[in-house]
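Okay, got some structures for you below.
Shared between the two complexes below is chain A, which pairs with chain B and chain C, respectively.
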Partner chain A sequence: MANVTIDGIKVSVPDGSTILQAAQVAGVRVPTLCYHPDQAVKANCRVCVCEVEGQRLLQAACSQPVYDGMVVKTHSPKVVEARKTILELILAHHPQDCLSCIRNQNCELQALAEEYAIRENPFEKMVRGLPKDTSTPSIVRDPDKCVLCRRCVYACSVFQSVNALGLENRGNHAMVVPSLGKDLLDSPCVMCGQCIHACPVGAITENEQIDEFLAAVADPDKVVVTQIAPAIRVAIGEEVGMKTGEMPMEVFVAGLRQLGFDYVLHTNFTADLTILEEGNELLKRLKEGGKLPMFTSCSPGWINFCETFYPDLLDNLSTCKSPQQMFGALVKTYWAEKMGIDPAKIYSVSIMPCTAKKFEASRPEMKDSGFRDVDLVLTTREVGRLFRMAGIDFSKLAPSKFDSWMGAYTGAAVIFGATGGVMEAALRTVYEVVTGKTLEDLNFTFARGMEGIKEAEIDLDGTKVKVAIGHGLANARKLMDQVRAGQSPYHFIEIMACPGGCIGGGGQPLTKANVKRAERIDAIYVEDEGLPLRKSHENPEVKVLYEEFLHEPLGHKSHELLHTHYTPKNKKFL
Partner chain B sequence: MAEEMRVVLRNYGKIDPLKIDDYINAGGYKSLEKARSMSQMDVINEVKKSGLRGRGGAGFNCGQKWTFAYQAQADQKYVICNADEGEPGTYKDRIIMENDPHSVLEGMAICGYAIGATKGYIYCRGEYPYVVDILNTAIAQAKEKGVLGNFDVEVRMGAGAYVCGEETALIESIEGHRGEPRYKPPFPPVIGLWGKPTIVNNVETFANIAVILEKGADWYAGLGAPSYPGTKVLTLTGDVVNKTFVEVPTNTTIRQVIYEFGGGIAGGKAFKAVQIGGTSGGFIPASLLDTQIDFDSMAAIGATLGSGAVLVMDETRDIVDVVERIAKFFEHESCGKCAPCREGTMRMHKLMSKVNQGKGTAQDVALMDKLGRVMSVACLCGLGQAAPSPVLTTIKHFKADYDAKLQ
Partner chain C sequence: MADYKEIITRYKDLPGGIIEAYHAIQKEQSYLPEEAIIAAAEVFEIPVKDAYGVATFYSMFSVKSRGKNVIRICESAPCHIAGAADVVAALEKELGIKMGETTPDGKFALEFTECVGQCQATPVITINGKPYGDITADKIPAILAEYK
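This part shows the complex of A and B:
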């Protein structure tokens, strides 16, 4: 332990702690900009510099380890002068168009400017004037706003092992640029949006499509239908001043009706459906000697990753569409027919935790209903903005139920939102289908939590199935390299592109730290526990769907509407 | 009359640098042999006791640095000779390597023995390809003779960026990354090249090692200034009569360097200023010429010894114009990693141009002063920390030159 004095407050902290950590213990908040709690220290913004007694140089609190007897001043006049000057330098080279910026009131730089009372900037304002990158349907980069903290580069290369972002030029011309391509579309980017969470400012954002939604609800000829992904409910409250998991499902539904949706349905319905299709596909592959291990296919960032980096393993991917796209194909066929609505009038909006879903919905093959299956994808953050725009007081809103035929769901669908959830949901069903027995304990706890790679061997009444779960694409890469090398011991592998699974998706409320992801995961399992039905094959509306429309899993209609194929990206750099 | 003292350049002009036997006949590689008969810690203690401090600019006690690397536990350690010599006007490392490459190799091998490293790199400035040839010849001959034992040395060509002379940027560059400094601590002797304990020393530092072991720490500690003993190789440029290099004891004064070794100001003009230590060195006015060149005396007047470059300016030099050019140099050489240097060097250049063009105000000068002070304490590496010192020292000592250009 080291005894350290921070602004006159004496604390004892473990050896090797940084000044930043010691200050936290002392109850002093030292401002940061390049610091990220789950990333390696960068120490490049210098906003956190502090005065250490006996040293001429100021030291970066995020990188400087403490020593016994260290005396630190975190806000001395010398420190404040330095910090203010550094902020002035950064701001003078920044557009400062906060009013029209997507990060207005949720921006680390803006917050620092407020904290340090930056008023008259002595440095003349200059903006680089670099063009925005709008090449993908998912992610928008605005390099003029970049403060070069490099947190996105770290997220993309270390968490995701994609390396789509890199640095170019030196000195004042240094820029973060898409690597190996002229823009993001041309780069290996898989559109997962993890760089958005990493970015302290508005330099990387989702492709916001709020205006398209407003135009759709304003059009009297459109029947605007929505589906909500499993990971949304636990997080949406964070956008409107509630705690994680606090928003009740039926209040959320009521809020969506206030926004002008004509029908509110649930992606959970097609998550349950996915289990029946994918579970049966796995059993078929096991029985008939199909390609193994089989990989889950519900995470479009992961699909992009597989198509980009592992085109040789595309046959291992389940042919099941993601729940979003299954929903899209069914809502304009089965549901339209059942409701007596002209499918041409249906405008299908999905609410997703995911930026890659925006891309997925735009894939040319996703038109099996005869129309574009999903017309618009809004992220959780965009819906949060719409809620704030509508001025809804959720504490006063009367609950409302989902609409029929594609709104029912089980706990198995709810847990799709967390890493390991698809695996657990599949095992709940596969076990009962294979053994014909009722599962005593529904909780496959090995599958839960933030551990990067989880694995288990499941005994299905004598048939042993080895499974693995990876989340975050760097972990996916480890599992895939094993498969490619012919050394994978597994039969079934679940991959979600984002750390923590969809609850940490690129479209979720900004999530700097993994502790927030863990909190959302906890909320997901609380919801699962509380539901009367927790196995996908018990979903009553899914049963009706099979009876009246699909007839059987993997049947003719399923193949037409619910399954897809994959295409190698053949990017020139690979 | 002050006299040169050739310790580092002991073999200059006396041996053929391409012949290892010349070096050996002059007593070369005896110190390495001697070191190997001593314990590692005894070697380090001898270097420590000599008081030798780094000649690359930072002036850190050499033996102390070696102790850290010796104490660090690792399966591999490295010795790197910093021969990047990117300072404009500096060529003292080149003189040493060209004329006595084995003195550097011997120093590195002694360091390798002392800290437990079997691999060394010489990171040589890209603009010195002929020096690389000389070094490679020397390494080949030393290998053939077997004098280096199990110590292997390899020459790496620098990437051309000034910042790559900074030890951690140099390490990144050898590792094949962008040449950008790392934050410190951890320092290279603990976590360096490929994460292993690494000693980075300057060419001149290594060239001192063999003599120290040969003649003893006490002898060395008695040379020059007690707090920074030994000699320093200086390169004289600018408006001096003798544009040359000299090796002098560290208690020599700036005045002696300019007037006795440099022969005074050329063309009979009057002295205006001298900048010592390279582009980032402080500007020194006539009133401070009796300062000794040792590290601490220079620091006390807000200047540096740095690499030992001595740039003399006569009365006709436009100080503000000179400093504007320096500001431009640093804007260009900033690696761009940290905010105060990336943005600050650019702003400093802009403000200096404005003032130099006669468009500046007193507020601009005050802003440069504040910006310079902030950069000097807040930047990530020595480049950004030292970049403002020409501005700061000229505002301090040559304020009238600025005032004359204000609106």
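This part shows the complex of A and C:
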């Protein structure tokens, strides 16, 4: 242990701690910009510099280890002056368009400029004037705003092993660019959006489509229908001043009606449906010697990853469309028929925790209803903005129920939002289908939590099934390399592109640390526990769907509307 | 087209070998084509974004096509004082291009460089890495003739 004095406060911290860690123990907040709690230390922004007694130069708190007897001043006049200069230099290269920036009031640089009372900037403005990169339907890069912290590069290469983003040039000319300096679309980018969470400023953002939504609602000829993904409810409250998980589902539904949606339905309905289709697909593969291990196919970032990096393993992917796209195909066929609404008038909007969903909805094959199945995808953040725009006071809003036929759901669908949830939901159903017995304990706790790769062997009344769960694409890569090498012991693998699963998706309220992801996961299981039905095959509306329309899992209609195929991306470089 | 992989593989086991490999490619080609960077990533088993990062980090490498003979003019203080600006003007006039450009026949490219360590003979230019000292405008046609 080292005894350290931070601003006169004496603390004892483990050897090898940094000044920043010691300051946290002392309850002193040192400002940071390039520092990220889940990433390696980069120490390139210098905003966290502190004065160490006996040393002439200021030291970066995030990287400087403490020693016994160290005396640190975190905000002496010398430190404050240096920090102001550092911020002024960063701001001299940064467009001063905070008012119209998507990160207005949610920007780490803006917050620092406010904290340090930056008024006049003595340095000449030198903004590069680079064009925005709008090549993908999911993510927009605005390189002028980049502060070169490299947090996005770390997220893309270390968390996701995608390596789409890197550095170009050096010194004053250095820039973060997609590989080979191309557009994002030409790079190996899978559109997961983890770079957005990592970015402290507005240099990488979602492709915001709020105006398209407002135009649809204003059009009297359109019937605007929405679906909400399983991971949204636990997080949307964070956008409107509530705690994680605090937004009651029916108040959320009422809020969506206030925004002008004609019908509010639930992706959870098709999550339950996915379990029936995918569960039966797994059983069929097990019985008939189909391609194993079978991979889940709900996560569009994961599908992009597989098509980009593992085109040789596409047959291992479940052919099930994601719940979003199953919903899209059904809302303009089954639901339209049931409601007596002309499908041509339906404008189908999905609310997703995900940037890759915007791409998925735009895939050319996703038109099995005879129309574009999902017309618009809004992320949780965009819906948060719409709620604030509409001035909705959720504390006074009367609860409202989901509309019929595609709004019912079980706890098994709710947990789709967390890593391991699809696996657990599938096991709840597959167990009962195979054994014909009622499952006594519904909680497959091995599947839960933030551990990168989870595995188990499940005994289905004599039939042993080995399963694995990976979240974050770097973990997916480990499982995939095993499969490619012919050494995978598993029958069924769940992969979610984003760390923590969809609750940590690229479209969720900005999530700087994994601590927040764990909090959302807890809220997901609380919701599951509280529901009367927790097994997908008990969903009453899914039963009606099979009785009246689909007739059987993996049947003719299912193949037409609910299953898909995959295509190698043939990217030129990885 | 050169067989990039074959060239690059010669440097595979060298520490920092990618830099030597890039030099070897530039010797043949005077710049690093995209295919060479992709090949380097494969040989050194690193992501393409990192192979590209190395290629753009060092000013000796160019990822853009440029003239076969690269002429660099030192713009550091000693050469500047000794009249580098006149040398620039003379080279631009002689070749009919501006700094940073390549002649239409693809023979010459003009670039700036920092100090090349020949301050005893300012102003200095280098052509394909070979230094020429005490340059004056009237010496230029003769020097260029060696490369024409």
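Methods note: the second predicted complex is superposed on the first by the 571 of 574 C-alpha atoms of A that agree within 3 Å, B and C clash if a C-alpha of one lies under 4 Å from a C-alpha of the other, contacts with A are read in each partner's own complex, and residues count from 1 in each chain.
Here is the rule we use: contacts are C-beta pairs under 8 Å (C-beta built on N, C-alpha and C of every residue); 3 or more make two chains touch, one makes a residue touch a chain.
Remember, it's a predicted structure, so these values are computed and weren't measured experimentally.
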Based on the superposed arrangement, let me know which partner A:N163 touches: chain B (first), chain C (second), both, or neither?
-> second
Pick one for A:G181: touches chain B only (first), chain C only (second), both, or neither.
-> second
With the two complexes superposed on chain A, say which partner A:K396 touches: chain B (first), chain C (second), both, or neither.
-> neither
Contacts of A:K464 with chain B and chain C, given as first, second, both or neither = neither
Using the touch definition from the top, say if A:H565 reaches chain B (first), chain C (second), both or neither.
-> neither
State whether A:K287 touches chain B only (first), chain C only (second), both chains, or neither.
-> neither
Contact residues common to both interfaces of chain A (with chain B and with chain C) | 167, 169-170
Complex contact set, residues of chain B against chain A | 161, 178, 183, 185, 331-340, 342-347, 350, 363, 367, 370-371, 373-374, 377-380, 385
Complex contact set, residues of chain A against chain C | 157, 163-170, 178-181, 187, 572-574
Chain A - residues contacting chain B, complex | 33, 41-47, 49, 56-58, 60, 63-65, 78, 81-82, 85-86, 89-90, 92-93, 122-124, 147-148, 167, 169-174
In the complex formed with chain A, which residues of chain C make contact?
-> 34, 37-38, 41, 47-50, 52-53, 56-59, 63
